[in-house]
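What follows is a short report on a single structure.
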């Protein structure tokens, strides 16, 4: 069995030695260890994977780890057994490119998740859900219905025991209630190289400014619009010869790939958040 | 003889045909032509190079072109004979990386300019000027002396008939008077991916925001700080494991290369400015 | 109506002037012109787009152009009216990532083609064709059946009046007969940065060599394996920490995007082939 | 005091725990740990940095480490105290761009080495050595003098106690004797994206092949030409519009940066070699 542990705690002497010794006492073998110290903040981060020949009971392991180490070092931590497929809900509006990208990776076995449903404020992409035989919920959002829509979203998420949400170009602002219920569990793709061009119509703004490179940014959603911890960014060159339409077409390719990479990092438990920034393990 | 013509004018039918016919009548042969239409603005841009077997008198050519074509099509335009080395002044403060990069390209014959002088508000880089045997002027700038300093700068620029100025990490704000005297002839390097992180300490701001990519931007200087027409940009990946010091070190490599590319484009007359944006010819 | 003309011919004086004058005589307006001279080979290349207010009869235009210009300048050339959707056949084996990418772009209207059928030597991807409701032909290929399979392929291609073929990770070698029938009309994606790692298992070879960057290459198929004219290439960074499995996963993302870009360039008639190299217009 | 330890050994259980425990017993504090397992080869790699409040005697530490750990785990390893500046000899021929790049980084304090001398088979770059006041040795190499030249090189390297050699576009083949004396201590820059275009004139070969991307590769020199362990690679886009001269100019910028990065990685002791491949620590 393979176990992944993520830890962050105040930086101090002896953490690696203590954790690897603990794993040894549990008859495990460390097969991967990556750590990082944020010297400014004085915080230690570690991702560690170990293999066990015997069966591990996750709850028992956690209780033991808590008692032996977590309290002593004042750790925030969690552990995951290999094999569990997290439940990922996808929210979309009208653009299909990110949705198709996620679903084709899902279908080919690249993306190890379950997808209980796709949710949209529009009917437009129902046909994509149909193609891939995934339940599709149409939850319209208007000023008047916003609160009800939110309640319905939360109900669906709970019913399906959703672990995390991917906003695959879902063009609505997410409410604080939803964010609080899924902290660091809502992944958005913003179609600019943040923090440049926050908000609506970033390609138009980029075109207006005459930039020579455009980008896309995937981040965890927080209450500040487009200001959450960045998971992944990428860019591509543009020139004066490109129209706004070209920016949008080139941007779509970035959005696809940047969102997919961010989702993969999240699913592989390679992301940790601290001080509105991410540590991304190798 | 080789002649380069740069034109922009209201978009209309027949420009390419008329210009190529004119070149033909002058017994020239078109060896390169690149054009661009900004459809939003309704403006036509063209860069054209032609070869002449006979000797061309630039002034005569210009008068003829003006009378025959420029008025009819309402062109803003200019023509340059191959071989003239523009006079480039370099302004620096204390960082030597961009200066060394420019001077080593100059020395190896990659950068076809004359460098009448290097100017700085500090003494620190006098030794580099000395290494390359280029005159160095120390013009200190304080609140009190700013106006005098400016006058001295203008005097030096005129005396040496400087064609354009490169701010190779010159950390002072350029005055409107200097900008007006050298419109679209002052090239700056800003150490961020503009328009993100305008102003001072962009690497610190980028670190604070937790971006995964940092950049550098070279642009023509206008009165709005860091908001002039962008000539060239480039980026490099960073991660949580990089400190601000690492950002700065990686950024220096970007600054070097982005500034050099922008200077090369300017010297090769491949840049045109319109509506605070650049057209960069191939 | 919008007309795109592609020309290559021996480099000589007066081509641009003559062609733009011809367009003018036909009451057209040049809206785009890009040209290139291969000085080594002495060949001139041009892509030109013009708009006509009156209706153009393509055949008549071509006859006129041939008589007036093409013979004089010894041109190889062709002209295309906007609006025609080329018929694109897709050949696949067992990998679905490139196929999904092409079909999702097709479905979203990004890729302006008709897709008469998908052909494979395996049954594995029939379900994808089914999802997108595109005819799927299973044509198995073994040593013994190779010739028959080829005949069947050619029959299908002719029946459906296919304009060009995309090998979306079709793992079979294409026969000279097929290549001769569709010269510069078969686009392949090779999963390496050619000319490095020609042939089978390039990711394994790249891993073995310890490269720090891997790539993908899209090219027109010629009789020399993986040696045809390159249309598009892209790369991504790898490190010692990546396994062959990681190389393959990262590579798939490259393959998708590089093949799609090449197909888009071909469809937009932005590619010309000469001396086993491509000119790619902007 | 800060100590860096580099280890590789057969992969086995308990290495991290044992080493971190040893550091603890020596009253050190682990401040950085990065490890990698090559599963195919069954080899474990680790780079570890620790801080000590007390003074460390390097020889004593090494003896202790050897006795306690290195034998048990069958380690190849070494340890370095912070502060030592390795002695770097630079070999050049006639191109100055890599030399200028290295020397300007050296001069600005970016590159923490001593440079006892620059050696060349030509006189051409003596002026650069002069500019930076570094001894310059002219050791001509012809078929007849090759053996003598080599002896002179070795003599100079020993006299100056050189730690490693940088071939900054030194166009001569290095003899086995020199390679054996400085194993994994000679860094070369090859002006192509290896393994494509091994040998002489790679830019010409790349131009001939019509590639859309060119590269540069820095590697440790082994007896097989251009086939040593790769430290760093980078690439840049090219197009049909670029001449061989353009390839060379763009390539120079790659060569500069790729060689500098490789040298920095070597100096920071972030490289390990195994099976003709490198592990590059973060």
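We just call them A, B, C and D in the order they show up, numbering each chain from 1.
Quick note on the criterion: a contact is a pair of C-beta atoms (placed from the backbone, for glycine too) under 8 Å apart; a residue touches a chain by one contact, two chains touch by 3 or more.
Everything numeric here is computed off the predicted structure, so don't read it as measured data.
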{"item": "Most distant chain from chain B, judged by the mean position of its C-alpha atoms", "value": "A"}
{"item": "Which of A-B and B-C has more C-beta pairs touching across its chains", "value": "A-B"}
{"item": "Between chain B and chain C, centroid-to-centroid distance (C-alpha), Å", "value": "38"}
{"item": "Distance between the centres, which are taken as Cα means, of chain B and chain A, whole angstrom", "value": "42"}
{"item": "Per-residue overlap in chain B, given as positions that touch at least 2 other chains", "value": "239, 241, 282"}
{"item": "Partner chain A, residues of chain C touching it in the complex", "value": "96-97, 100-101, 104-105, 107-108, 110, 131-132, 239, 241, 249, 252-253, 257, 260, 282"}
{"item": "Residue numbers on chain B that touch chain A, as the complex places them", "value": "36, 38-39, 193-197, 209-213, 215, 229-235, 239-241, 243, 276-280"}
{"item": "Chain B residues within the chain C interface of the complex", "value": "13-14, 16-17, 20-21, 23-24, 29-35, 37, 237, 282"}
